[in-house]
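For reference, chains read A, B, C, D, E, F and G in written order, and residue numbers begin at 1 within each chain.
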Amino acid sequence: MDESSRPLDTLNSARGKPVMVDLKNGLRYVGKLRAFDIHINTVLEEAEEHHNGEVKRKVGTVFIRGDAITIISPA
Amino acid sequence: MDESSRPLDTLNSARGKPVMVDLKNGLRYVGKLRAFDIHINTVLEEAEEHHNGEVKRKVGTVFIRGDAITIISPA
Amino acid sequence: MDESSRPLDTLNSARGKPVMVDLKNGLRYVGKLRAFDIHINTVLEEAEEHHNGEVKRKVGTVFIRGDAITIISPA
Amino acid sequence: MDESSRPLDTLNSARGKPVMVDLKNGLRYVGKLRAFDIHINTVLEEAEEHHNGEVKRKVGTVFIRGDAITIISPA
Amino acid sequence: MDESSRPLDTLNSARGKPVMVDLKNGLRYVGKLRAFDIHINTVLEEAEEHHNGEVKRKVGTVFIRGDAITIISPA
Amino acid sequence: MDESSRPLDTLNSARGKPVMVDLKNGLRYVGKLRAFDIHINTVLEEAEEHHNGEVKRKVGTVFIRGDAITIISPA
Amino acid sequence: MDESSRPLDTLNSARGKPVMVDLKNGLRYVGKLRAFDIHINTVLEEAEEHHNGEVKRKVGTVFIRGDAITIISPA
């Protein structure tokens, strides 16, 4: 994620790169960032679901509802 | 779900295909994606309700309120 | 609920038919769908309140606030 | 509550009649429906607060914030 | 609180009178209603904080954020 | 906080004065009220974080997101 | 964070400086404030995730969804 002054610019610069998305329910999704919108609805590709640091399952392409998300960070 | 740059495009490309919808309350609905809107209100057909990895019941056509959803992924 | 492309169309086609409405608090209301709006505020007639699979009480006509709802499915 | 096609029409037809208002926190208020608005902010008169099926106290006229409510049904 | 058809009219008629404001977190504030707005943000004067039916502290003038409130009733 | 008819007027009259801000998560911030907006996003200066009635740490200038707040009262 | 009358002015004056961002889920992110918006969506650089006062992991650049945040304070 490169230099920018608005939060969504930061997400934009991460498109196509691997990211971790942490949810309010404690789950984490790790995959390639394909898409997001102003609600932070987010789509990852080739994603895996993690819980307590372990991979639980491969989920492929996953749509994550923005309000379920706490943070998005580079994987 | 095919290549696209907005999250709802990804959902759109999944219409008519089997998906899993996970809720904040821990339940999962597995069925064919018939419809969704910008709130992510979602309708599945021939759906089953899962809890802790087991099928609890067949629910047929189910309307899921968007704000109850965490993720939608291919089944 | 018949074929349609928007989630509210699906609810509309269920008017006058028996449905189950599940709430975030774990309660379920089973009755005939009389009315709903874009917030998914919903009115059932001849409704019963269920908890843990058992009928707790008959509630007659019941107004359910949309944001308390997780799913609506045919009864 | 009489025949109508919008949820608020149903509430409107209950004005002046005894209703039960159940809250997300498990409390119930039973009284005569005086007023409500589009947020489902609701005012009851001659109201009682119930908890676990028992009357806890008389509250007279009570304003209930709409987003605290799960259901409203005839008393 | 006197006769009126909108919920905020009821609050308006309680201005300057003692009220109880119950919060989602279980606390209650008892004081004289000075001000409120459409979000139900509320200001009480000469207020006391109650918990489990006991006065915990005197808080004087208190601003209560509307979305923290469940009910407002006469004290 | 002086005489006024809108809740935000009350906050306005408290600018520059010591206040306590209680959060939904049980923490309290005590400091001088520098700024607030219509969402009740609030900035305190020379602030301390309290938990269970004890000072946990000095936080200096703190920005508090409005929706995390339950009440603001004079310190 | 310098003198200003609106909460976002305070955040603006902290750009490029080290801050702590506390979340509703109990986690804390400590890093350099790069960006924020009106929803308080926030981006930190060279960030660390803390839990119970201990560093759990380095997260580099992190996007934090505004509604997950309780407070932002200087680190």
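Simple rule for what comes next: a contact is a pair of C-beta atoms (placed from the backbone, for glycine too) under 8 Å apart; a residue touches a chain by one contact, two chains touch by 3 or more.
These numbers come from a predicted model, not from an experiment.
Touch-path distance (fewest steps) from subunit A to subunit F is 2. Note on connectivity: the fewest chain-to-chain touch steps from subunit B to subunit F number 3. With centres defined as mean CA coordinates, subunit F is found 18 Å away from subunit E.
Per-chain CA centroids place subunit C at a distance of 41 Å from subunit F. Residue positions 24, 67 of subunit F are each in touch with at least two other chains. Round the ring, from subunit E by way of subunit F, the chains line up as E, F, G, A, B, C, D. Contacts from subunit E toward subunit F in the complex involve residues 23-25, 27, 29, 34-37, 41-43, 47, 59-65, 67-68. Residue ranges of subunit E in contact with subunit D, taken from their complex: 1, 3-11, 24, 40, 66-67, 69-74.
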